[in-house]
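Here come two complexes built around chain A, the first alongside chain B, the second alongside chain C.
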Partner chain A sequence: MPGSGSRSGVSYDARGLVEPHAEMPDNIEVDGHRGRFDAADLTIRQINMALRQLIYNDGITDVTVLNPSSKHSLAVGILKRCRIHFEGSPGWFACGLIDGPEVTINGRVGWSVAENMMSGVVTIERGAGSLTGAAIRGGDLIVKGDAGARTGIDQKGGTIIVTGDVGINTGFMMQRGRQIICGNAGMNLGDSMYDGSIYVAGKVRSLGVDCVPGEWDDADTELIERKFRIHGLGDPPEFQKFVCGKQLHNYDALEPSERKLVIH
Partner chain B sequence: MCGIAGVIHRDGTADIGAELTAMLQSMKHRGPDSTGYAVYGPADDLVVIRFVLAEPNKSTGFGMEERLERNRAEVESRLAKIGAEVATVTSDTGYAFRATIRYGGDLKALADYLEDVPGCEVLSLGSSLEIIKDLGDAQTVSGQYNLGSFQGTHGIGHVRMATESEVDLASAHPYWAYPFADVAVVHNGQLTNYHQWRRRLEQHGHRFQSECDSEIIAVYLAEYMARGLSLETAMKHSLDDLDGVFTYVCVTGNELGIAKDEMAAKPLVLFESDPLVAVATEEVAIRAVVKREVETRDPYEREVLVWQV
Partner chain C sequence: MAGSASTGESSRETRTVAIDAEVLAGKRFAYQEDMSLVEDIDLLAATPGQDINWLEDITLLEEDGVPAVFDRYSNSFLKIYFDIPPGREDEIARKVLIRHLTDGNSYGITLKDIHCKFPQVELGPWVEDSPIVGTDWKRPVLEGWTAPAGH
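Let's look at the complex of A and B:
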């Protein structure tokens, strides 16, 4: 095999493509519609190959991955309704670009979990790193702990719930969707946000440019109570609401296609 | 994009050479160009010097072997002339050397005198600090310098992806805080007021081995500590004085500290227990030394933390 090996068994071809000859792992256990395998000694490509084989080809709807060992880019691009359970902590970019799966992570995740998620639910039982839920379009992302800087940056839809604190620049350039922060928020909350709502129960270190306190209405109460009920988060605390002040740019409430119709 | 790592054992010595190698190798994807270590073995009354006499990719060729031998002899001669008693001089590579000496004089004068030898660059000086860096990944460098058996209390490491300078030793981390003994830094990020601080520190008589912004941090911190500030206070000052995006790890003879800039733009994950603290750019590196599910966290913006041996 060309390229250099390493302790983890990862190899590269002449173009730098990682694991060009990865083999399907042989430790997958299947029981009816459930599948399960230990990822401790598997490479990233092997883990993702196994997930895809089970979900797309074998009709398995419920997969448990043991010992993800902080490996990156696991369960990325799964576009089918199914259940995936990680027993342990994945690394960076876990569950990116997914559309449909219901993922539970009994551990912590690194940067950029669920980036660009279209739909589905990702529940993390412990903390998450920076860029949590970056650019998500839909679905629910629940972090039962703290999340890092730039949580929900460029968010375009969906709901992010963090039961702990979030770091600097949370909600930066947020365009739609909801963020429900049960702890404190770092500096520059909602900086340059276009739209959407951010709810914070704790202290906000500072608001970003054009992020202002919003008016609370019954729909906010209904949303928060519903989300807490669905995800078994107990009684919600009291939140402050923050929205875009719409002073930074000139907005309308139209989709680009609608705007085109009005203009022309 | 580079990877940094650090470990500190608060209950005695451990296999920190092997631990750092495992951590750095797991982050090879962040930087395969060069790997460096700053490790602290048991301190004694000897001063340890790590120095090189040539860049690795320029250490062979016509007459090079004789030149390296001649320059090595010149280094030993100068050590004797400046009043140092040489205990040992060894080399794993032919161009990188480790010397132990008995010396009670001025370290700056010693470093300057040695660096006047053609091709000589002092990588580290101190009672327990040893900086080892070379081209290639962690396994390659560890094997080359036999780091797998290195015992010590704490250390830091760096894997480098060369983005703004050459693939060479001068640009490889960690950086020793010339001329302050036993202080070293690894850094992931970019300082945007590098030239401003370089000029200021040069006006205070410091010189720099490289054009790398990371070297500024080491000298900056050591300068403040020499004025009587603690490592933690010096690191807190750095958050106001240094512009840019950065996460860095600084080590002294008995401490390891981390600092994150106010944008928190560069990653760092922290595992802390009573006997062991491990930090790394990615959690996968922490798993390389703590092979079980543990509580880890990302330090927040403007967070400075220091642990002692």
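Let's look at the complex of A and C:
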């Protein structure tokens, strides 16, 4: 993608985005519907260009990225069904804004993995930083380790599963969806949540404002057993369910109006 | 698409913008009225992973007193006019929504070809071999406008 302008020696494209090293990498190996490349010496831009080229243009449905080397914002905005494997650890904002991919990360991730995911499955074999699954709207996010503070903040749908512990303010302002936490939860769990369910198997340091124990039903059992089965997580432990107490927000007044766009 | 009404409490006009899928599209779709047109849809095949994934959050709602499913890709309600068998409310809502999306009738999809700045699949992840749009975005130019001096 050629640059269309230059300021201070840096090229910008027509959208005003800086495009350093905008050449496609030449180390991509393709075998049928599989692609593979080593990202060790590539820029973030090049890695994402290669992913888009393979998935959108070349009909590749299974891509392996070697040595992501903690680079940020990898595999962001992929809006197609495909499989992506990271052999190593991406940095911040990995797999944000995706809609459809099934991603495995054979390492750990930094802040905000799968932020705003619309659909898909992201599986992280080790730990995740703060803001894991921030504002996700759909899909499954599985962390096989601990996750940091504000896990699932502003969650609007989807399922977040953490096999270890989660940090403070997990589920802060959660609006919908499900969190399944197999370890302990830090302070202020579910603070100011609006809706959704949080399941915790370990200890909860403290509940946030308007987060209360919920009533367990058959649908909860079905959900937990199904998610553990399809993600190969073994037998689920005993969980306690937490929900919104619905005392903080004015539901009667908010519910009808939040669905309409009203211009004054 | 938009109606006007006085607030009754203020001289300022309040305008409510419709969020009805058929209003946005300008027509009603056959699958809103005929359940046989959605019965064969395979929800598992239409979604990533080994269960219905994002459709878990899609349930049958109600809009203007009519059963409806919310299309998050156009922020609109898609009303369902046929009788839904008891016990199948969410399943049918999901099937109607998937039919709406895979047919490319969601208003958000129709906007992609015009406004996408980045390459992406036109019909979303639900359709294999969907065309790619947004590969040749150009900055809109306002006819007759010239940049002020110094810009």
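Some observations on this one:
Quick note on the criterion: the second predicted complex is superposed on the first by the 230 of 264 C-alpha atoms of A that agree within 3 Å, B and C clash if a C-alpha of one lies under 4 Å from a C-alpha of the other, contacts with A are read in each partner's own complex, and residues count from 1 in each chain.
Rule of thumb we're sticking to: a residue touches a chain if its C-beta (ideal position, glycine included) is under 8 Å from a C-beta of that chain, and two chains touch if they have at least 3 such contacts.
Remember, it's a predicted structure, so these values are computed and weren't measured experimentally.
Of the two partner chains, neither chain B nor chain C is touched by A:171. In the superposed pair of complexes, A:152 makes contact with neither chain B nor chain C. Once the two complexes are overlaid on the shared chain, A:81 sits against chain C while remaining clear of chain B.
Looking at the shared chain after the overlay, A:129 reaches chain B, while chain C stays out of its contact range. Contact with chain B, but none with chain C, is seen for A:108 once the two complexes are overlaid on the shared chain. Once chain A of one complex is fitted onto chain A of the other, the partner contacts of A:100 are limited to chain C, with no touch recorded for chain B.
Legend: residue contacts after superposition of the two complexes on their common chain; A:72 is shown touching chain B, with no touch to chain C.
Of the two partner chains placed around the shared chain by superposition, chain C is the only one that A:139 touches, whereas chain B remains out of contact.
Remark: chain B residues 22, 25-26, 28, 137, 139, 262-265, 267, 269, 282-284, 286-287, 293, 295-298, 300-301 touch chain A in the complex. On the chain C side of its complex with chain A, the touching residues are 12, 14-17, 19, 47-51, 53-57, 63, 72, 75, 117-121, 124-125, 128, 130, 132, 137-139. Those residues of chain A that touch chain C in the complex are listed here as 14-15, 52, 56-57, 77, 79-81, 99-102, 118-121, 137-140, 157-159, 176-177, 226-227, 230, 259-264.
Within the complex, the chain A residues that touch chain B are 6-8, 69-72, 88-89, 91-92, 107-108, 110-111, 126-127, 129-130, 146, 148-150, 165, 167-169, 186-187.
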